[in-house]
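Order of writing sets the chain letters: A, B, C and D. Residues in each chain are counted from 1.
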Amino acid sequence: MMEHIGRRLRIGVIGGGTGSFIGPVHRIAARLDGKFDLVAAALSSNPQRGRDEGRRLGFPDDRVYGSWRELIAQESQREDGIDVVAVMTPNDSHFEICTAALDAGLHIICDKPLTTDVSSARELAAKVRASGAEFCVTYCYSGYPMVRQARDMVRAGELGAIRQVQLQYVQGNLAEPVPSTGWRMQADRVGGSLVLLDIATHAFHLGAYVCGQDVESLCADVGATRPGGEVDDYVATLMRYGNGARGSLWVTNAAAGSEHGLSFRIHGDKGGLEWYQEEPNRLLHRRAGGFDQVLTRRLDPAMSPGALRSTRVALGHPEGYLEAFANLYEEFAEVVAARLQGERSSPDGDLFPGVIDGVKGLLIVDAAQRSARSGRWERVEAP
Amino acid sequence: MMEHIGRRLRIGVIGGGTGSFIGPVHRIAARLDGKFDLVAAALSSNPQRGRDEGRRLGFPDDRVYGSWRELIAQESQREDGIDVVAVMTPNDSHFEICTAALDAGLHIICDKPLTTDVSSARELAAKVRASGAEFCVTYCYSGYPMVRQARDMVRAGELGAIRQVQLQYVQGNLAEPVPSTGWRMQADRVGGSLVLLDIATHAFHLGAYVCGQDVESLCADVGATRPGGEVDDYVATLMRYGNGARGSLWVTNAAAGSEHGLSFRIHGDKGGLEWYQEEPNRLLHRRAGGFDQVLTRRLDPAMSPGALRSTRVALGHPEGYLEAFANLYEEFAEVVAARLQGERSSPDGDLFPGVIDGVKGLLIVDAAQRSARSGRWERVEAP
Amino acid sequence: MMEHIGRRLRIGVIGGGTGSFIGPVHRIAARLDGKFDLVAAALSSNPQRGRDEGRRLGFPDDRVYGSWRELIAQESQREDGIDVVAVMTPNDSHFEICTAALDAGLHIICDKPLTTDVSSARELAAKVRASGAEFCVTYCYSGYPMVRQARDMVRAGELGAIRQVQLQYVQGNLAEPVPSTGWRMQADRVGGSLVLLDIATHAFHLGAYVCGQDVESLCADVGATRPGGEVDDYVATLMRYGNGARGSLWVTNAAAGSEHGLSFRIHGDKGGLEWYQEEPNRLLHRRAGGFDQVLTRRLDPAMSPGALRSTRVALGHPEGYLEAFANLYEEFAEVVAARLQGERSSPDGDLFPGVIDGVKGLLIVDAAQRSARSGRWERVEAP
Amino acid sequence: MMEHIGRRLRIGVIGGGTGSFIGPVHRIAARLDGKFDLVAAALSSNPQRGRDEGRRLGFPDDRVYGSWRELIAQESQREDGIDVVAVMTPNDSHFEICTAALDAGLHIICDKPLTTDVSSARELAAKVRASGAEFCVTYCYSGYPMVRQARDMVRAGELGAIRQVQLQYVQGNLAEPVPSTGWRMQADRVGGSLVLLDIATHAFHLGAYVCGQDVESLCADVGATRPGGEVDDYVATLMRYGNGARGSLWVTNAAAGSEHGLSFRIHGDKGGLEWYQEEPNRLLHRRAGGFDQVLTRRLDPAMSPGALRSTRVALGHPEGYLEAFANLYEEFAEVVAARLQGERSSPDGDLFPGVIDGVKGLLIVDAAQRSARSGRWERVEAP
């Protein structure tokens, strides 16, 4: 598709200035496959700092903006204005920025969580639908080739019907000797429960993405495990998926000494799959009646179509987080390029998570919070 | 202690004949450290088969019995009768056999679960107390040196206060192409829920053993995941420990393709510990503010006292399940030998699980079943 | 530095067209950190194919060249001509291309091996020195952060004096059911022994890079292990390093079923380090008198300066081969930018391998071949 | 077989008193399967200490001897004298003790190395042959089930012809802060090169056992890597096996921080196998044209006959070093029991290493020492 439009897509970034973890990630992801030119930036809520950083990072002087409003307003006036905006600001600003970008006719890549509550998320999804814009929510872990391998194997029935799911996302950063700071420590900017919105949404999405099933009901334990902790740092759930499969989940950012332990383990009638984000090029296939196989990422037809499409380097040359993130950008580029050609999304489009996935994330957070209050199982609403 | 009585202890085994997984394990465990002579056996509920097998296994002809009643009756008449009886029969016979053995003045090593319900378990515990006999329940995973290392580190405060616990016991045997048979498939012989009584009791004990805390309340999902499954094969729980720590657990014997995935992961204020039974000589120590350490079993003062006491071979020479099991026998031998000398249990006595641990197992099973019915959190009764 | 020149560096690529493994790797590496603009290309020895591919990959029409000679000639005439040329053609063309590029005043990034024999390598090194150009040989595995961590730890004396080294690079591609083809199967294009020039050079460099010591003498077994194999696919060596340390090496591309097992293990008086390229974010630190530590890549001062400088993403977010490769490009960009400002190489310059490292690669290949013929230890010449 | 003789075999132990690593290992191995009664002991070269320890360990008073000569003399007079003697004394005494035991008509289990030089080894082998006694050399690592699995797979052609072998045995004990002592630090008691006799013999045997091929020639680097080291602590070799396969080996006991890293990796035309003694229940099967399989020890027909025969516990219940060692005892018991019944060795007899394997160990040590002196490849003599 990109070949047909004869140029790279133009992208502007909102947020992600100094001190941001995710800002550099988005920018590398946009550059990696050469399908975007990073041409405009509003990097900070502080106008001067935003402009200084934009210049330092090599954005053209006249397209470094003091605010996101300025960026959207001026870029939509330019002949060579941006095609896509990438939003990586604190959670509580996503709704307003995305709404304005849609009004300006832009396609959007937005960080998770989509917004900070169910109603704004549903409203945004309706606007996206109405506008016809392309929209990607960066549940980036679904960009890993071996995650797609797992999903394709489930779809192809290689595990039989899925019966059991276990999800983990076990970080330790809140329990480090030097405490965390920044907007994530402010409940109002986060939109409520830090652990639920910030990281559990990733784990819930990963489970649904691989299993092809949404959680229909759950029973949750949510709270703070650190002494004097005012921010939720722990959630564990019992779950029931759409097809009746049972699941459990443990997510925390306060397991002292932990790194970034995102993982899934799923079992169907014929076997199971296990994946650990910290060793993303491997997928363990446990087979009923046989020995385990270690599926390793490679560039050959032993991989599933989704895995093969999202890998760049041969067997034994590890890919990582940046490549996974870049896969969402690369796929989004293809879909947007098709749109610029007047075509609809490619069938590959379902590889990257869209606005409905973003809504589902807030719906499951909502159900978890209700369950934590009621001490009972609660249903997850439909999007 | 053994040195002082000038002989090996005499032990008789009840159960564990042909086809039994656990029978050979008990016999090897009894032999391994040379503290017991296996002198009497009632190996089967079928008298002739029991006698044949006893002879085949090298038990003396005149001490191979056709029933456990015979064994207890005749051994208690002999001058050189057994000191200890080891009970490895189906769950629903433990109460009756142990009661008779206590009446005959024997010390007892009994398989888990202690009995099949709370009231019989409490009654048996009362009888043990009244009789003054020594009693070991073979929660064998607590016999691993690195499990004791973990426990000692928790006791010594090396992790700080425990905040989070995650337990797993993920087997696949019920989901194998060739279905399981035997008494475990009969709910009345098991005593109810197979997954809870047969394997979850191990996982709950392991968590409590390492953390030094009992589960006070839990919320459980219990059921059958296999299509048409009539036997419970799945349990997941949310838990609260005595000190307020939060926990979660996933136990199943129907995760197709799985082996024997018993593991714990616990985190306190200062760090965490992770252990996998399938690689039992390693204990991962995650440390807040530092790099992970891999603690490997060895025979030197780098190990904790409990770990050092229960290891036999030097660094890098793996020990396994049989050695762990044998540790319970070895420790039990020392305690019984002390009793024969008129002394009380050694202070090391708390290394092996006793009758109260057996009662606690049934209490937590009871709470899980209540919770599965109510869909709510339930308290675990005190023993 | 890049900030001071106010623009990205302009780079042209020679080689790396369709079917090339390394072409896309170089291009991604150049883009990843936004320090280069890929502006010119001569992708194939077939002029038409080279032009077609250049356009397909998005190079500007007027800077897509039919041959490397054309590229060098025309770019050196342009006001906005390239600063740097990246050479990724078959081994036997490196000398001629690099010589011409030096004559045209370009800085060079060149694939390994530098050339195909010792004398051409020395001649090229002399020309580089005379020209004053910056030169990088892409021994890309030295770009991994944990390799730099290892190197920095050795330099800082954390292992004590290095005593033992073991290097492996165990691939299986030549033993796959579908045989390899392409120029690598033609001895004259490779420059002689495939296994020595193509992959053993990487392993020898990695060992020297980490230990800070060159091999002074070696005894080698070189040959073909595949039945009827006409291409060398196996080398094993005994080695003695400059400081007296002993080493051994096993390198093959015909270990059926293997992936890309490049690894080192080194031991000094105080401990050892182990690293496996397939899990590049981990470095195992074995410590005399203590437990092993698992050093994991992170973005904080627990890392050594060299490791920290070459990492982009936080703890637990894996980086891989492309990031390692990109590190050489990023560092080379800084050095070239300094030169454009009239400054000498930054002190960080020694992070990436230079032309002398390329010469050393051919010298050790030469010694290995002499030893394979003589059946004795042979000295490695000085560069 | 044991069933037919109607009793356990009677065994006496020579050596292995206080401070010995291997003494307790032999005694546990003898007890584990209940096929031996440990009835006689001469535990120390110091008569009084030997007697005290024998009593402490529970040997009958009248069969605790002050010297090995006494033990052999008196046991051979008893009606109920020992069938088998187990020899675990320093290397330089094996020849004399074994010779006397053969003269007394005993069957022998002897520690490796068989003796301390080639000529005494050949002489002992001739005596064994002449006497008709059964003889086992405890190359104990060949007792691991997954080592037998590997051997059986090679024999069955599952790897195709073997092309490449890599052996390692990397210990750190000589480099620990607290230096080693004991007879192993005395070259005359060891019989020459510590690293060659003490541990390299294990690695050479393991390679030959699995591959079914002996080393025919080798080139070796042997010496001391520790500063001021007077004892050989390092050997690396290049090797050629009987079938033309190439091999390399790295063995040391001075790699600071290392544990007990015995491993093999072999590759044939169709794939490879990797095994690490520290995780002995797993065998990695790398398959050309397919994904890796992880073969885990289990008690079912998925295992090869040799593996299945030497395993005791089900899938997922780890076995270790003591069980591997006990396998040699168990198999030796069957062979001796058959002899007592007047039968020849069972066909399983080739599972445990015999006196010829002991001779081969000294022959390869001899070739390595010759090569280290000559700086050339040397042939290994035939036994």
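FYI, contacts are C-beta pairs under 8 Å (C-beta built on N, C-alpha and C of every residue); 3 or more make two chains touch, one makes a residue touch a chain.
Just so you know, these numbers come straight off a predicted model, no measurement behind them.
*Asks:* Taking mean CA positions as centres, which chain lies farthest from chain D?
*Replies:* Farthest chain from chain D, going by C-alpha centroids: A.
*Asks:* Quick check: more C-beta contact pairs at B-C or at A-C?
*Replies:* Comparing B-C with A-C, the pair joined by more C-beta contacts is A-C.
*Asks:* Using mean CA coordinates as chain centres, what's the gap between chain B and chain C in Å?
*Replies:* Chain B and chain C have C-alpha centres separated by 55 Å.
*Asks:* Counting only Cα atoms for the centres, state how far chain A is from chain C in Å.
*Replies:* The mean C-alpha positions of chain A and chain C differ by 34 Å.
*Asks:* For chain D, what residues touch not just one other chain but two or more?
*Replies:* 285, 290, 292, 296
*Asks:* Using the touch definition up top, name the residues of chain C that touch chain D in the complex.
*Replies:* 159-161, 163-164, 166, 168, 170, 172, 175-178, 219-221, 223, 225-227, 234, 236-238, 245-248, 250, 252, 254-258, 265, 267-272, 285-290, 292, 375-377
*Asks:* Could you list, by residue number, the parts of chain B that touch chain C in their complex?
*Replies:* On the chain B side, the touching residues are 285, 290-296, 302.
*Asks:* Provide the residue numbers of chain A that touch chain C in the complex, in ascending order.
*Replies:* That would be residues 2-3, 8, 21, 24-25, 27-28, 31-34, 38, 56-58, 171, 259-261, 277-281, 296, 312-323 of chain A.
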